[in-house]
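Both complexes shown next keep chain A, but they swap its partner, so chain B is in the first and chain C is in the second.
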Partner chain A sequence: MQNFKTFFQISKKYIKTCVIYFVIFLILMIAMTHLTATEKTSKFTADTVDFTVIDKDHTQASQALIDYLSKKHHFVSFDSEDMDSIKDNMYFQMIQYVIMIPEGYEEQLKDGKYEDIITHSMRTDSAAGYFFNQDIDSYFQALSLYHTAGTSLENALNQTEEVLTEIQKNKVEVLTFEKSNNGTNPSGYYFQYFAYILIAFMLESMAPILSAFQKRDLAARISCSSMRPRQRSIGIGSGAIAFSVILWVLIVFAGLITGQYRMDTPQTILYMAGNSFIYLLVIVTLTLCVASFHLGGHSLSLVSNVIGLGSSFLCGVFVPLWLLSDNVTQIARFLPTYWYIKNNNMLAGFNGEAFVLGNYLQNIGLQLLFAVTFLTVYFVIHIRRQLKLSDI
Partner chain B sequence: MLRIMLFTWKRLFRDKTNTFWILLFPIVLGSLFQIAFGNFGESENMSVIPVACVMEQTESDETFTKILKQLSSGEDAFLRVTECTDTQARKMLSKKEVVGILYSGNPVRLSVSENMKTQKIQQSILKTFVDRYNMQQAVFYETMQNAPQKLNDMMQTLQQDISYNPDVSLSRHPEQSPFTQYFFNLLAMACLFTSVGGILVACHNQPNLSDLAKRVAIAPTHKPIAIIAELLAVTIYEFILNSIGFLYVSFVLRIQLADRMPLTLLTMFVGCCVGVSLGFFIGCFGHGEQSAKQGTVFAVTMPLCFLSGLMIAEVGIMIENHAPIINRINPAMLLTDSFYRLSQYDNLNRYYTNMVTLIGLTILFNLMAFFMTRRKTYAEL
Partner chain C sequence: MNETAVKVNELVKRYHDLVAVDHLNLEIKQGEIFGLLGPNGSGKTTTINCILSLLNYDNGEIEVFEKPMTSDNYEAKAKIGVVMQNVAVFDELTVYENIDYFCGLYIKDKTLRKQYTEDAIRFVGLEDYCKFYPKKLSGGLLRRLNIACGIAHKPKLIILDEPTVAVDPQSRNRILEGIMELNRAGATIIYTSHYMEEVEQICKRIAIMDTGKCIAMGTTEELKKMIKKREIITIHILSVTEDDLKGLRGLPHVYSVTFKDEKLTILCDGGSHNLVRVLDYLQNKEYSFGHIHSELPTLNDVFLEITGKELRD
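Right after this comes the complex of A and B.
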């Protein structure tokens, strides 16, 4: 109990830093949630591609092409002189496709010269450009077919648009086999980013408090008391858990105040909160282990970033889990964040997977196993250190 | 001045844990990025799409079967077709054995599962295929009614293998993965984390914060010279450590950064300068303890890195499109953008503007910090 009290006495010294971290990380978490939650759609739609056109022809024919593509995809307007801006937006994924319509495009169409009639530039890594290519090819194929059938260019343009618009009316049937969340609610993203924020916050704010116990004088004073090593470790560990539970309550409450749960059922939120609570225990035990190494402030920042950012990129916090290759997910299985994100994906419906209580509990169990492992490491390090001190 | 630099280096080198982690930070995180993004999008590739096909006993079944056969045979097949009844097809779709169900007829219809959101790209490819097939069917049907004598010509047009829309890349390295930007962000973050070195310099010159500062304060050395020497020593030290990380990222992880090596190293050096001076500036604020100041530095640099797109790649360009002024003064974004310009552009005007801004920020931070440290006296220590 004495160590438990000492923990909070020391934490008072760090309260200002903790508050700064809490406010900054909370703002980051809400900003990330807001940025990602607004992009998605719930039902199946053929992926729309963000594209732009550099039109040097400015004719009825070139406008007809732009109009047709804009109906199906999202046209992003740029000043066509500003090539740097177009390049930057394509590199940073704001647009995926650039069409360049040369001067004399309409004349070429009239002459029936369809080969290399326009050019494009697209991101090589994504399949989105592939079906955009298919759409353009369909357009020119329809146009060339009408042209071959003896239709004038003006009529061919109109007929092509009509036939392609008619085809779009043939909607895709979406079948639902298992009821899942629609994958667009902000709560899913809020708890997804919780995984990174928690590691960064705990290692940055709680680890220095725990490290204070490793300072020679304080450690020596504690070690000469009548308490058993195990009791001392339990005291510090309980303090850390109480500290982190307060933090967890604040984060969950902040989500409620900022309206992150407005679109979900209370049951889903309870499951998400439960998952995050178990993850919290894992990170507390991880922090206890890291703090046992008595790292300085700078080293601790670097270590927290390596653990926080590294595990977040590997386990699907910043990029969807299903986009990572199989090899990466095989490695990620050895990290607790992976099992936390798996549960969160299932609850939020990010991958269309339905909620299965058995799977949820299994993932919770695996997280608890990590917590037990970290706790064992902590006890071993702590008890060995206590014994070493008692030898002095 | 050289003597002070030498002692600073000695002191920094003796702090083995910090040296070890500064050195290891870009190496470990870079390796983890490489693992995560090395085969990124592998699941998004356009490999064979399994699909179920239900024949609805219509006139066009024969043509449709022929086309499906063509698309599912050979080395570059893109479909794997299973012909079955509607019930079987739905069962296969529910078990996620196929990506979609194709129903023959005029028009051909497509069904997909809502529970297979991870296969959205493949579903979209199927939809594009169905649309194209329906378009051809509709155009031929229309021509058959209006100008049947043209059908043969149209058939010939359809069989021609014409490229309408060739690819002309706009970038300097079109083959470069867009995930390279995370490595640019990482290097920018490593540069900004040198601000902790600046905090050390500030604390070593505030006698109320360290014993070393007390000794320095009573030494006869001219104070600005001592501080400049210490700042320079810290910057060089951190630059060397970060450069090792950069070389690892370039040559071991083979991230394309090295083709303008001198300019890239210059960017790293300027990045370390701005990092150290930012830390020095924050360190000179108030009388807080070193750990609290280190915490403040981290609390400042992390949001800057977030705004440059470290966690969500699109953030940087979104700010560029809506509030570019933020990108012009955010050191993390200026550094990330400089690495990006070096890698993707032949014209380096913007790169030089970034460098000038970073040097300007370095001078500004240092001047403000010097202004705060001057004429400080202590009645009692």
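Right after this comes the complex of A and C.
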């Protein structure tokens, strides 16, 4: 009990750091949750693309394509078909997409050629351009279906326009559906940022407490006492467990109190909390390892930032996993945060991923493997240090 | 109280090729203040760490309260109080919390622990600093806290490893007085230091160590008797002839006479009334002289004569 009590007496010294982190986390969480929701809405309003067409064919077929696209997007007309002038407009973001319909376009359609018969140019930094590409692909796919089925080109053009316009109406409904975040669970954002804050919290507040007990002179002095090493370890260990669990409970409940969870999905919240608890175990063992190196205030902050920010950026805490390159995600697989975030993404329905219990448990298992690895490293360091102490 | 508190037999500790403790034998009786005196690197702290089972050793046996001392001899450990050379306290705990923590490593009963903690605070005179953090304390106060942490559980054997390093004279005197008080209360003390005056002042028996070996052991008087030099007489005088220097050398018990920079130094190997004889001789030769000083040999002289080097080299 002596070491357990002392663990919390020492923690008083770091209470200020804890409170600062906790408040920053909550403010950040509340702000981020709202910001992310707003970002999602604006993404869909930006789906209308400003485009222009350089029509060399001037036929009914070329006009049908322009009409179809103009229904959904904003057609910008230019007097001149000078390519340099159009490129300038693209540069200044007056337009995002240029379609070039070559001479003989209609003839090619009649001959049953649908692929690569038009060329295009788009701003590479515009995500909406890719969406525009999809619209063009859909158009030619539908047109080819009707035309190859024996319909005349004129009828095929009309039917394509009708059907796609109908589908677009449905699409609008889908967009409206996603806009209200029905597909994703906002609680996911809270548990996503939890990954970073937990590392920062534990390394900045619990690591120094553990380090205090392991300072060479103090450890030697304590070894001289009649308290058995097992008793000491139990005292310090139970202090660390209690400290971590209290912290976890506080963070989880703070989410509840500040309305970060969508309470109509209690089971998902429980799975998320479970995932975060396993992640807590990983970080506790990581903290044990870091504490073994007796780092001082500045060094510890540095290590905390490197581990916390590094793993958060690599593993999809700050930047969604699906936006990271394959190389980055390959590296991230060797970090526990990746598997935590993978589970969280699945539970939150980010990127349209559906929840599969098997995958969830597999990711939990991988996190536990990391915990076991960190614990092994800690014991190796600890035993080596004990041997060194009694030999030097 | 003639029972043995600590017995070290043929202790050998090596660090690779360096022999830090070389076949050391010690026997410390209960109730005595035993001094381990030696220059830095002489093996004092290594010996202490071996006694405390903090270090593995290569050869020899150590007994504490007549039982083999091992790292799991908790019965013996409960009776030992340790004051390390480096201050070993928690920077994050207050003075009171630190003493309470170390006392709590031995004493389970809360009421007793509280009483012992308060006793220790009073003993080292830190009543006004209970709520201070160690970083706010001066060097002397920090050393006192270190001592309080080591003695709070009222141990029978107290090992103090250079407890007065970098301490102001006032705190040093207080610490030394405290150690003697602990001894009067029945504790056996092992005191290591390279300050010969301290050891001489408080220790009943002393072992002088050099290069891991015990080169001499006994009471202060016994140690001083081991060397030829017993009295050093210094006289300020303008000049002395060679014949008179020879005459002085011929006086009983005088074995060395030197004259340098108007200072006549006469070493005597014992006897009494040496100073009177020397002054009679000089007066008879009609010398006029100034400042006269006679001193007995110190432990440094003992060390110097045995090893050929100064204790603080």
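Heads up, the rule we're going with is that the second predicted complex is superposed on the first by the 222 of 392 C-alpha atoms of A that agree within 3 Å, B and C clash if a C-alpha of one lies under 4 Å from a C-alpha of the other, contacts with A are read in each partner's own complex, and residues count from 1 in each chain.
As a convention for this text, a contact is a pair of C-beta atoms (placed from the backbone, for glycine too) under 8 Å apart; a residue touches a chain by one contact, two chains touch by 3 or more.
Quantities reported herein were computed from a predicted structural model and do not represent experimental measurements.
With both structures placed on the common chain, the touch criterion links A:298 to chain B but leaves chain C unconnected. In the superposed model, A:372 lies in contact with neither chain B nor chain C.
In the superposition on chain A, no contact is made by A:256 with either chain B or chain C.
In the superposition on chain A, contact of A:313 is made with chain B only, not with chain C. In the superposition on chain A, A:246 makes contact with neither chain B nor chain C.
Residue contacts after overlaying the shared chain place A:10 against chain C, while chain B stays out of touching range.
Touching more residues of chain A than its counterpart among chain B and chain C is B. Of the two partner chains, chain C is the only one that A:224 touches; chain B does not reach it.
The interface of chain A with chain B overlaps its interface with chain C at residues 208. In the complex of the two chains, the chain B residues touching chain A come out as 15, 17-18, 20-22, 24-25, 28-29, 32-33, 35-46, 90, 93-94, 107, 109-118, 120-121, 123-125, 127-132, 134-136, 138-140, 142-143, 146-147, 150, 153-154, 156-158, 162-171, 174-175, 177-179, 181-182, 189, 193, 196, 290-292, 294-296, 298-299, 302-303, 306, 309-318, 320-321, 340, 344-345, 350.
Within the complex formed with chain A, the chain C residues making contact are 15, 49, 52, 54-56, 71, 74-75, 77-78, 80, 82, 84, 86-93, 97, 101-102, 104-106, 149.
Chain A makes touch with chain B in their complex at residues 14, 16-17, 20-21, 24, 27-28, 31-32, 35-36, 43-44, 46-47, 83-84, 86-94, 98-100, 114-128, 130-131, 133-138, 140-142, 144-146, 148-150, 159, 163-164, 166-168, 170, 172-178, 180, 183, 196, 200, 204, 208, 295-299, 301-303, 305-306, 309-310, 312-314, 318-320, 322-328, 331, 349-354.
Residues 2, 5-6, 9-10, 12-13, 208-209, 212, 215, 217-218, 220-228, 389-392 of chain A are the ones touching chain C in the complex.
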